[in-house]
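In order of appearance the chains are A, B, C, D, E and F, and numbering begins at 1 in each one.
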């Protein structure tokens, strides 16, 4: 077997992978605005590249399964090009990926999720699978928030996040050919720029979602110019390392 | 108007409350095991009492709407008495509460959620409402995690959580008559007691749900004997205070 | 065991109740207008109190399960404060209560239903359970119509029903503190007040639902002043007695 | 226009019927066991014939719309040949018939329902249409229970009902060629033949459905030999007359 | 057994038919416009008559099951009288017919489909049944396209199809009493009459559905006057013959 | 704009593409067995590459939208690695892609479909969109069957199809690096190898799906060795040319 991508395996190779590679990594992305400088597929690209790196590090004990190129992005629909699934449909797709893989014998699935809008739905799928498929292990991991310590070490704006310093840095490292350096401009960078509802939506304990056009005129939170590919490499290395550690423990459990 | 409970108002009083009390607090609980000493309704009781306290503090500007006495508890089904909704059904109920209230004119709904198992589904509802009801503000708040600093100041076990120090303390303060002090016994209190999968399920960044009978033989995490009603009061005061602050800002926005 | 309310039991007590208390009573109410003098929760209050009385009479052989505080009330949405579930969602909730209880070993569930708008959906759930859970006994009972002979003995208006003589009497008996005696006024009391469609909707054989604002300007059918708490006691005693008789036979079957 | 059956009209005739024939009668039947002497389609036959008779009596002011040849019959699945829809699917079909007819301009739909198992679902559809199509009048009528006074005047067994005296009489009158007179045999005719659960399922106030094989070995309740075609004519005449009266009033409203 | 129609059998006869008549033919039609000269039920009539003829030819080895009188006709909703199911609901009905029959022991179901609009949904049902009921054989057959060679031998218009030469011929043969010969007029007969989108919708390889009012002012494609009952007989004979051949092979497999 | 892939555009570029590129091509594939020599993603690869070629030929008037990497493959679940969606979920995903694009202003969507198992579901989506989104043009195209004349000109086995001559040829041309030439072996190549049910499933007029392991031991129909990359180029050129012709006409309509 020369690749860890299930899509590129034959069915006979897949049959062997059930035993040799008991962990399936499912990359989950989004198809949504990422400001004037990053492509719509930013989250999918990060998820797929990280999944590849994790699989490489696991050296044959994991395969990368079918991707989820479109996620849950209703809050970005105000920006052209955003394609979203409802939470119900996204959940159904994830569940049917999982149950198909389960049918062939896999018992460990880890969704590598590049888009925060998918988090809640992934958790609901995990909850429902506890009852319907009690012998299936189903986990999901975010990306950037796994390395919040690394972000904290970067020089980020007071307000930062979507398409901002940390995300742009990752894309610079993983897919620089898709970053329009000349078009990267700051979005909302200071709390004072947020209206009262926008401020409430950034509360750390209480959840109050608002559409992104309420938070930022250009869809960006933070200043993407304030990071570089080295930051991106640090972030990705940390993310990959922590997912690999988790996977190693899981495979050994 | 002498009560803030919508259930106890007449329809004419409700009509006035749409204007006078523009915020509706919806208490969300669970019907699930809480170890040998606490009742199945523990989370519902905490949610309803906190909602009452928040409404009281808001002095007429909020009403307490219909409760959600059963939540999403598939991970507790191994323990007798647990009743659960699927994530799909729980989402439908919350959405239909919200759209009924919206129809009468309310535009601000805050779910006061006593059960962590409901978190993900509440977020999916919030996401879907962004598209279907863009003029409705829909928020949800957890309880204990709003006061994690207070928990940190308590003497808690290395492993603590469900039915443990902080939760038992709250119930001691809010409904002591339902706490069986003589049956309170520790559950899993040290990391070393967890098997490898249980340990992974407690990872701070990656989500891997397991059934609770895998985490604790008696359904308890922590030692409920190591807290008292004063701790509970401190927790509840902090929780209520922070929700009230949020609500004040929202009402003013 | 000192209470018959499942919500107030611990999981260990619930485990014993599966055997000791093989019947679960599920109170089903509504969250809807009840005219100028009664609270929105009128049906829920009646259902819960009757369920309590039935459980008390059965002396440990029944528990009261999780309540259904919101029912199917589309016909009352024209009046402020009414919250409704669709028939699909209400059915899903009832079914999932039933299947959760079934999972723990209970085989007899009786929904004590305070709201006529729930009747049809409860019957559809019963029908579908015949196929999906053939070993589960699932029944539902109305309240007032179980005692129609008692109503017939009262002095009721030509048109009577929702929030009228019999219902107000019950609330006077069960929860007098929630009855606004000073605001009780008659609604539609004579057939001649109904328009042709309203008249057709009262046909005894053919079902033609209309919104309640078509039937009554203030949401009341009948004259709530024409009954008292003694009538309410007679009604409740009859209702409870007949449910208890049914339950005794069922438990013995 | 020479027929009242919408199925046999052309689209141009249908366009005229929206105005000339503002009432649509939808026959609802079942595909289920009717004992050793009656065909599986018994309920559909009765519904379609009665609808035809009602339309004839209304002399052009009503059309008979598309039939519902299969209904909700889970309680008869123990007997060969029974085909059933779930309540969810039956509801969807009825709703989509109604909304298609509504789209063309019809505002009055009356389901002529030959099968008691459909009652509850028809009521749920009516409830949901109140919200989704408030300008549509949607009604449903049973058959035999509209003429319970006529049944009371017949010599029926102590236990009677499905495939018994009244139903067989109707089929003798409406479709004698499908009645196997030589195979008509009594089913359960006395209460003493019912087991305790069967007895409870016949309670007049509380609903507790059981599969029909629990009630009767051959699927019959009553003695089909104790009625004749004249009884059937009396029943059908009464049923048709009462539906026509209702329809006249509705058309005039 | 004197009939092959399951609807007309008793349950005892149905029980024998499971063995004696292992194939169930389910006629699927539509309730939709068929131009100025044919009735709305045209497709249902053809399906039911063909099913009868196939069953007759199979001499007891097949029964005709419950019909599907309404199909998937959204493209005809612009014409009065058309009643349609969504694809989701039509699929649910077909699946529940199939699973009910499967429950009684039948393992071979052939939908005899008179309406092209049902084709896709029938295929989706067949696909889903492969997983849920792997031991059930589920097939569907169209009518006219089974005899495209016969159509090719007729004198048809350049554009022909719905309510045109071949379909009208079949109805003339099968139900002449429902054909309004005096109202039969041509619809769209030449490609030049179609607008660009209409032309694209007739592409032989790529599917681009358009509403029928875009294709033809009177709902007809072709000239129904250019065929006669003899053409209809040739078509029906060919269709029936080919279905019978298929069924014979299937029964022998 | 330097790419036609919507995924790689920024939101600002997407906003311009709504006008400049009014056609969206959505590649639909499958994740399923393709015999011992081809990868699981074979259909997705063909769909995406053909979509790219069509977009290139349209020179800016079309964009390639989000892909569908997993399709409807229940018939291949017997072979390891196959991942399938139910028809319901696949339909929901396609519909939500379409309605998201519609929201931004696109009115022409063409699904470029590499997998026959998706055909039926795509047609059902097209039917339902006629009612819900009447101003949206939604089309889908197959690949190989658009060039059946080219296949007819190749030397193919008596039985050929899935993973056989024509499909392998396309992959040799489009992604030779993923074709394991050394493992390409014939599957079922002669009708005589099929069992009776397998033969019936290949009927040209009647649809009777069977699982693929019933048709071929190794999942292949035909002999993949009997074609080469030149055949693949001829096929792809023909397919692309015909889709481009269709698209040109549509864009001009």
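In this text, contacts are C-beta pairs under 8 Å (C-beta built on N, C-alpha and C of every residue); 3 or more make two chains touch, one makes a residue touch a chain.
Values in this document were obtained by computation on a predicted structure and should not be read as measured data.
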{"item": "Mutual neighbours - chains that touch chain B and chain C alike", "value": "none"}
{"item": "Counterpart interface for B-C, drawn from C-D, E-F or A-F and sharing over half of its contact pairs", "value": "A-F"}
{"item": "Longest centre-to-centre distance from chain F, chain (CA-based)", "value": "C"}
{"item": "Whole-Å separation of chain centres (CA-atom averages), chain D against chain E", "value": "27"}
{"item": "Euclidean distance of C-alpha centroids - chain C vs chain E, Å", "value": "48"}
{"item": "In chain D, residues with contacts to at least two other chains", "value": "77, 86, 88"}
{"item": "Graph class of chain-chain contacts, one of line, ring, star, complete, other", "value": "ring"}
{"item": "Partner chain E, residues of chain F touching it in the complex", "value": "72, 74-75, 77, 86-88, 91, 110, 117, 119-124, 126-128, 130-131, 134, 137-142, 145-146, 195-197, 199-200, 203, 205-211, 242-243, 246, 249-250, 252-253"}
{"item": "Complex interface listing, chain A residues touching chain F", "value": "6-15, 17-18, 31, 33-41, 44, 65-67, 69-70, 77, 79-86, 88-89, 92-93, 96-97, 100-101, 103-105, 178, 180, 183, 219"}
